[in-house]
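Note that the chains are named A, B, C and D in the order they appear, and that numbering of residues resets to 1 at the start of each chain.
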């Protein structure tokens, strides 16, 4: 069976490359991590830059993948080993159209301990419904920690279930959204909220935090659809000023 | 009844837009937050940039509002949802002529716990009289956390009462002053002092901090009137070097 | 009695202005703080920039003071209120030729608690002999916290005694050295060491830190005479690249 | 006996100077610290920049040393006092071809306490096999803390034994690798992992961290051979954009 790769709006490719650079600029990714977008013309495909440090991404680096994470037009360009994270979540969650995978440093501690992440403020409201922790040991034993095939991607997607964020023990996290803007926004504010929660726990002397309640989180996260566009407008502008695209 | 919008000194509009950028540059605001100025010609009006990331504000973005936070000359420009914070504080507190609302990250933990903010050093002396916490749940139950109408603005203003700073649970804070320079100064040093207090609590092993006493705070804060001008001179210069205005 | 102000090497004035900017660039000072130099031609005088944010200092801003901190050639230029810190330490400590006063944020917590600063590594070896805390309340009761006259300067100098660093409760600190390079170096590494010690205390579960012993500190600090020149060479170069002087 | 100094590929000299600047840019070194490379043509020699702040290194600054850390072609260029760290590790560990010595601030606390470093995520997998602490007091009593001769270098190398990282009490650390890219990568992620572990310990309420197990560490570190090249590609590019080489 041959898959026809639909044409892609060049502005969208530029936005996806810009998203990689935004995440690098905001300290969410360093030399590692990736952001993808479900193909707007065919939900059985997704777009992601080639394997390299996200800060170097350009519009010409975007590869199209099927949902088994097979590259369809890579040519000589390499693919991220952990692309299966993206394909398997897109399969399980038709409501999700963009995914960020990162090792953002303030988030990792929450995957190393039993302290659950909470929504520390309305901008991080998407955390109020919980952020489950994926421990690759449970199904796969001793590994190199990488989500390097479909089976591991499926296990991660099943841990994510119906949430927006999943943590990965001793590894990092994934942030999901129905738009590119929203997944980037959530990846940034997961990192910010983790930093806030860590400080709050230092102040709390063991008492529970007055964080967002679940219903507050649901109501506040609805506003973030617009909020993510305001943030994107700033962050995207910064990339254009640096790159010209 | 028609309100005549008085002319505004263009230098003042530039200063207000610059204040937005100063707050972004100092890490007090990111894609969100806003700073306003009571109109110098008519105390029943206030000035605030249009709804956008503060780092992008320009002198042409300033809208005039009445104290019910109705925009008087917005044209096609959008208004911040939470502008009611500003209008209602201006109504209740004739001594306040400028307000900053932010989600500055080191401050949020103090709204999530029972640890009161203190004045950790003379530059943050305005905190020595206390920083009350506004919990929107108390009057309004489960909400999206936003101060999106006059009633919520009034409740926040009543929590602020006669203080310079109010924290907002799971949201952020407001910093007020009799001048633009002073509200910006207080927003910046509320963030700095929060960071200092968090570290001090880590060192204190549960003993009370040797922070500013209330009278020390009152005396030291009087000096900050001049101090805020020295800081402004630096911060405003940086914006001029970047923008040309 | 007329004091003849000796000529000053223009390169020295540039170095002192650069020291102000170095401290700003390294996060030791923000809009406040100052660095001075005993006059190389007359030990009864000292040099310090005019009152302004240190990041703005230029060689033309340097004022000459006598040791009572009276400005001798200020003209229309303003003087720092707290210049008495400098004059009184120079009087009491003939071995000190340069002083930095700052509110560097990681250091302030050590003036708010009973936790003494230690030398966390050899570059901060000057802390191994101790950093006493000056509490202005003890002699002067409720004040605006500022060292704004000779009496308060004397009290601070007496607390400093024979040390390199003194902390000031709810205010900041002073760092001293026999050269400009050494006082700047010590101000920078007091901040760095405070940050390291804070993290170490978090790890230590209440056990004492394996910090520098006093004799290790004495031996290691001797090496910092050369070390401060290596750091200066880097930091001074950065200022020249920005300012041309 | 005369040692013939083999020719060195100019691209390699540029890479070694760039490595110094990369470490400075990433906050691993400040005015101090050094990175060396075993000579690719003669394993009994190593290459290291002259004594200066690493951020200033240029390809023309590289000196060749024998394994007793005698400079062979220094001319008027000064040598780092602590070069014996490098020579003695190269002697004891033929598998190591590059070494970074730094005082990176988040790592020092682990040398001041009994808390062992762990591998907090797969990128820091090289820490999962442990990071022993070298206490110079044990063999040498009260010193200036510097590894300033062969005997001290040997003692440090023996503490390192077969690990990738050794901490130095009240001083800093060394990070080793079989390539320049890998030693730089390990120095950077030792600092990042230290910061993550410190936050995780704050969250953990005394329970052990769910860090990498030793076998996970071994498997994940194998992947870092490729990972270090991806990071290098980004970091090296940044230096070329700044320096032209």
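Assume contacts are C-beta pairs under 8 Å (C-beta built on N, C-alpha and C of every residue); 3 or more make two chains touch, one makes a residue touch a chain.
Computed from a prediction, not measured in an experiment: that's the story for all the values here.
Asker: Going by the stated contact rule, which chains contact chain B and chain C alike?
Answerer: Common neighbours, chain B/chain C: none found.
Asker: State the chain with the largest centre-to-centre distance from chain B, centres being mean CA positions.
Answerer: Max centre-to-centre separation from chain B belongs to D.
Asker: Under the over-half criterion for shared residue numbers, do copies chain C and chain D use the same patch or different patches to meet?
Answerer: Mostly different residues: under half of the interface numbers shared.
Asker: Take the average of all CA coordinates in chain A, do the same for chain B, and state the distance between these two points in whole angstrom.
Answerer: 32
Asker: Taking each chain's centre as its mean C-alpha position, how far apart are chain B and chain D in Å?
Answerer: Roughly 46 Å, centre to centre.
Asker: Please set out, as single numbers or ranges, the residues of chain B touching at least two other chains.
Answerer: 202, in rising order.
Asker: Have a look at which chains touch which and call the overall pattern line, ring, star, complete or other.
Answerer: Ring.
Asker: Every pair of chains that touch: which are they?
Answerer: Chain-chain contacts present: A-B, A-D, B-C, C-D.
Asker: Residues of chain D touching chain A in their complex?
Answerer: Counting only chain D, the residues touching chain A are 119-123, 125, 192, 195-197, 199-200, 202-205, 207, 209-213, 215-216, 219-220, 222-223, 227, 230-231, 233-235, 237.
Asker: Give the list of chain D residues in touch with chain C in this complex.
Answerer: Those in contact with chain C are residues 30-32, 51-53, 55-56, 81, 103, 105-106, 108-115, 135, 137, 142-146, 169-172, 198, 201-202, 206.
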